[in-house]
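As C-alpha cells, here come the structures.
Two complexes, one shared chain (chain A), two partners (chain B, chain C).
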Partner chain A sequence: MDAVVETSALTKRYGSVIALSDCDLALPEGKVTGLVGPNGAGKTTLIHLAVGLLRPTAGSVRVFGHDSVRETSKILPRVGFVAQDRPLYRDLTVADTLELGRRLNERWDPAYALARVRRFGLPLSRKIRTLSTGQRAHVATSVALGKRPDLVLLDEPVANLDPIARLALLEELMSVVAEDGLTVVFSANALADVERVCEHLVILVNGRPRLVGDTEELIESHVVAIGPRTQGVSALDGDLIEARHAERQTIRLLRGPGPARVDDGTIVRPATLEEIVLGYMRPAMEVAA
Partner chain B sequence: MTWLTWRQHRVQIVGLIAVAILVTAGIWIVAEYALRSRAELGVDSCVPETRTIVTPSGPQQIINSSTCSDLISQWQERIGLWRYLFFTIYLIPALAASYVGGPLFALEFERATHRLAWTQSIGRLRWAGVKLAVIIAAALIAAAILAVAIGPSRVLMGVGRSGTDVKPFETFDLEGPAIASYMVFGIAAAAFVGAWSRRILAAMFVGLLVFGVARVAVHNLRPWYETPIIMPLEMISVIPRDALFVDVPAVDRDGQPVTRERVSSLLSEYFRSPSRFAPSASSNDSTYLADRGVFRRIGYQPVERFWTFQAIEAGIFTGLAALFALLTLWRVRTRDA
Partner chain C sequence: MAATLRFRLDPHSGVPTYMQLAQQVRHAVEYGILRPGDQLPTAREVVEDLAINPNTVLKAYRELERQGFVHGRPGAGTFIAADAPEPLERAVHTPLRRALDRWLHGAKDAGLDRDSVAALFTVAFQDAFSREESTHGRRR
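Then we have the complex of A and B:
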C-alpha cells in the first residue's frame, strides 16, 4: 500500500493556538479516507497543508512524494480540491466556471466536466449566485474532478446539504473512485456519511490522530460490552477504550477479540463505526477540557 | 488567467474607461462652449466706451471699463459651475484606487475564492501578477484618455480668471505622465492594502488614505525636484511669468538663512516706523530689511524644466507603485491561506 499523502511530525500553529501537533500520517492510495473529528480538531488545517494553502510550522507533508511547500506546482495539477463552503465566483455562470477550470489547468477534461454538470441538471447559463447550495456543491466538485485528478481532497463536502443531495454527492464520489481508481480524502462531521463511504478512517482530536485504520478492520476489532455497573475493568479481554457508567449499567468499548466470560450478565456485540468514533473522540476531548 | 481577470472585473474595467471618456468628453464640450460664447459675446474685441466731458479745465476723456468687465462676468455666468468640471480628473485616480484597486484582492479573501484560485494549476504568483497587470493596463488606457483633456481643462481653469493664460505648472497634475502614474500608484497601493488586510472596507479606505497622503507629500516636494534659480525678491518682475515660483528663505550678509519669524517681526517694525510714510527707491521695506542685514529672496523653476519635472513626478509614483506591486506579490506568495 503506497501512501498518497504522507505527513511527518507535522505541526501547525496559529499564534499560540496549536491546530496540528506532531502528526504522523500516511493516507492510502486508491481508497476513500474519512477525516473525522470535533470542530477545531485540525481537519481543515490538515487538508489545507496538503494542498499548499498553508505552510507547516514544523514537519512536512508530502503528496505524491512532493513537498507541499516547495513543490506545489507538481502537486496541484494532480489534485482536485474543494474548500469548505465550496467557494466559487458568484458572478460567473456555470459555463464560465467550467471555462475557469479549463483556463487555469493544463490537465482538464472539458467533455467530462460538462457531462457531470449536465447529469446534475445544472443550467449552464445560470450565475453561481442564483444556484442552490446543492447545485453549487455539484459545480464545485465538477471543477475539482474536471482536472482528472489522482487525488481528491474535500473539506466538509456534504455540509449544509439536504439528505438527498448528500447521498447523491457521496454516491457520485464513490462511483468516481470505483471507475478511475483515484484517492479521495474528505472531512466530515456527520458519522453516517463516513460510515457509508469510507474505507479508511482517521480520527483527529485536538490536532492529533487518535485512531487510524481501515474501516472494516476497525469494526472487526472492536466490541461493545454492556454489563452491570462496575468501576473496575472486569475480566473482559481486550483494551478498554472507553467506559461510560449509567445508573445501573456500564457500557464499555473494547479493542480486542471480546470477552471470554459473560456470566455476570454482560451482553457483548460488535461495535458500530459510530460507537468506535465516539468512543475514541470523547475521552480525548475530556482530557483536553 | 487574463480571461478570468477580465471576466471578474469587466464591470470595473469598463466603468473606469467609461468614466474617463465621459469626463474627457464633458470637459471638451464645456471648453468648446466657453470658447464659442466668448467669441459670440465679443469679449476679446471689446473696446472700452469713452466719453468726453467738459470740465472747468477743459474737455476730458473718461474710459468706462465696466462695459467690458460686464461682458466677462456675463461670459462666466453662461458657463456657470461647469467650469469646475476639470476637477474630476484629480478625483478619478483616487476613485480608481478605492473602487478598483481596493477590492482586487480583498474581495477574493473575503469570499474565500482565493482558495479556489490558488489550488488550480497556475500558481498564486501568476494569479496575482496577471490580476494586477490587467487592471493596471486598463488604468493606463483610462489615463491616456484623460490626458487628452489637458487643453480643454486649461480653458476651463482660465474661465475663473477672466480668460487669462494658465501657466503650464498650474495644470501639472492633469498632464499625461503625471495622471497615468497617479492612477497606477493608487491601484497598486490599494491592492496591496487589500492583500494585506483581507478586508474590502479597509482596502478601500486605507488605500484612499495612502493615495492622498502620497499625493500631498510629493506635491510639496515638487518645487525642489531641481535646485531652483534664486534671486533677490526685488527682482521678481524679471522672472518669466510662466515659471513655477518657489518659496526660499531670506538670508543674512553671510548667506545664512534667516527665520521667517525674524523677517516678519522686522517688517512689522518697519510698518510701525515713520519711514514707511515716505517710501521711495532708496527707502522702502527692502532697504529697511537690508540695513538690518536681511535679504529676502525668491526662487523659481523655469518652464523649460516642465517635462523633466513630469518625468520625475511620474518616476516617483511609478516607483512607489512597483514597490507596492512587489510587496503584494510577496505577500500572496508567502502568506497562509
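Then we have the complex of A and C:
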C-alpha cells in the first residue's frame, strides 16, 4: 500500500496546548480516509499541516513523498483543499470564482470545473452571497476539484448541510472517486457519512491516533456483549476495549469474535461504527481529563 | 434503462456496507427476483443512488463472484452467473416459515414482549451460527 500522506513523529503545539502529539500515520493512496474524533482532537491541525498552512513543532509530514514545509510548491498543484466553513468571496459570482480558481492554479481544467458546477444547476451569474449553504459547498468543492487534484483534503465538508445537500455533495465526491480514483481525506463528525464513504478510518483523540484501519475490517472485528455484571472478562474471547457498567449489567465492546457460547443470557452482536468509535474515544478522553 | 435492483442500507445493523449489498443480491437470487444473465447496477449507478464509495460496490461484487453468484465481464458489467444457486424451493421455505410463526405465537402467548422475543432469538441464533461462521473464517 502506497501512502499519499505520511506523518512521522508529527507534533504541533500552540503555546502550551498540544494539538498533535507524536503522530505516525500513513494515509493510503486511492482511498477515502475519514478523520474522526472529538472537537479539538487535532483533525483540522493535521489537515492544515498536510497542505503547508502550518509548520510542525516537531516531526514531519510528507505528501506524495515531498516535505510539507520545504517542498510545498511540489505538493500544492496536486492537492485540492476545502477549509472548514468553505470560505469563498461573497461578492464574486460563481463564474468569477471559477475564473479565480483558473488564475490561482497552474493546474486547472476549466471545462471540468464548469461541468462540476453545472451538475448542480448553479447559475454562473449568481453572487456567492445569494447562494444557499448547500450551493456554496458545491462551489467550494468544484473549485477544489477544478485542478483535477490527485488528493483532496476536506475539513468538515458536509457540516451544516441539510440531508439532501449532504447526500448530493457526498454523491458528487464519490462520482469523482469512481471516475478518477483520486485520494480523499476528510474530517467529519457525522459517523453515518463516514461509514457511507470512508474505506479507511483514523480516530484521533487528544492529538494522537487511537484507532486506524479499514472501516469494514474494523466493523467486522468488533462485537458488543451485553450481559449480567457478574460475568468475568475471562469468559469473553477478544480484547476488551471498553466496559460500561450498570448495577446489574455490563456492556462491553470487544475486539475479536466474542464468546462462542454463553449460557448466562449474554447477547453478543456486531458492533456498529458508532459504538466502535465511541468505545475508543470515551476511555481515552477520560484518561486525559 | 432502470437498474434491475435498488440497494438500501441499514446503518444500524453493524453489518459492513459491502456485506449488506452482497446479501441483498443473494436474497434476490434466492427468491428468483434476479435470474442468470441479469445485470447488476453499475458502481456508478449505485453511487448516484446511495452516495457510497464506489470501491464498496466493487468489493461486494468481488465477494459475490467468489461465491459463484455473479461474474464480471470487463467493460460490460456484472451479471448473475448462469450456474448461480437455484431459487429456494417453496417446498423448503414454506414449512420453515410456518414453524417460525408457530414459535413466535407461542412466545407471545407465554407473555414475552417484542424485545424479549428478539433477545431470545438473537441468543439462539448466535449459538447456532457462531461456530459455523468461525470455521468458515468469515470473522477475523
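Following the convention adopted for this analysis, the second predicted complex is superposed on the first by the 283 of 289 C-alpha atoms of A that agree within 3 Å, B and C clash if a C-alpha of one lies under 4 Å from a C-alpha of the other, contacts with A are read in each partner's own complex, and residues count from 1 in each chain.
Quick note on the criterion: a contact is a pair of C-beta atoms (placed from the backbone, for glycine too) under 8 Å apart; a residue touches a chain by one contact, two chains touch by 3 or more.
Everything quoted here is computed from the prediction, not taken from an experiment.
Residue contacts after overlaying the shared chain place A:Arg55 against chain B, while chain C stays out of touching range. When both complexes are overlaid on chain A, the residue A:Pro110 reaches neither chain B nor chain C. By the touch criterion defined above, A:Pro228 lies against neither chain B nor chain C after alignment on the C-alpha atoms of chain A. Once chain A of one complex is fitted onto chain A of the other, the partner contacts of A:Val32 are limited to chain C, with no touch recorded for chain B. Legend: residue contacts after superposition of the two complexes on their common chain; A:Lys147 is shown touching chain B, with no touch to chain C. Applying the stated contact rule after C-alpha superposition, one finds that A:Thr272 touches chain C and leaves chain B untouched. Once the two complexes are overlaid on the shared chain, A:Gly65 sits clear of chain B and of chain C alike. Shared-chain residue A:Arg90: touches chain B; no touch with chain C. Shared contact residues on chain A (touching chain B in one structure, chain C in the other): none found. Touching chain C in their complex are the following residues of chain A: 31-32, 167-168, 170-171, 174-175, 177-178, 192, 195-199, 215-217, 219-221, 224, 257-258, 260-262, 265-272, 275. Residue ranges on chain A touching chain B, taken from their complex, read 48, 51-55, 72-73, 76-77, 79, 81, 83-85, 87-92, 96, 99-101, 103-107, 140, 143, 147.
Listed in rising order, the residues of chain C touching chain A in the complex are 9, 11-19, 43-44, 47-48, 50-56, 59, 119, 122-123, 126-127, 130-131, 134, 139-140. Every residue of chain B that touches chain A in the complex is listed here, in rising order: 1, 3-4, 7-8, 111-113, 115-123, 334, 336-337.
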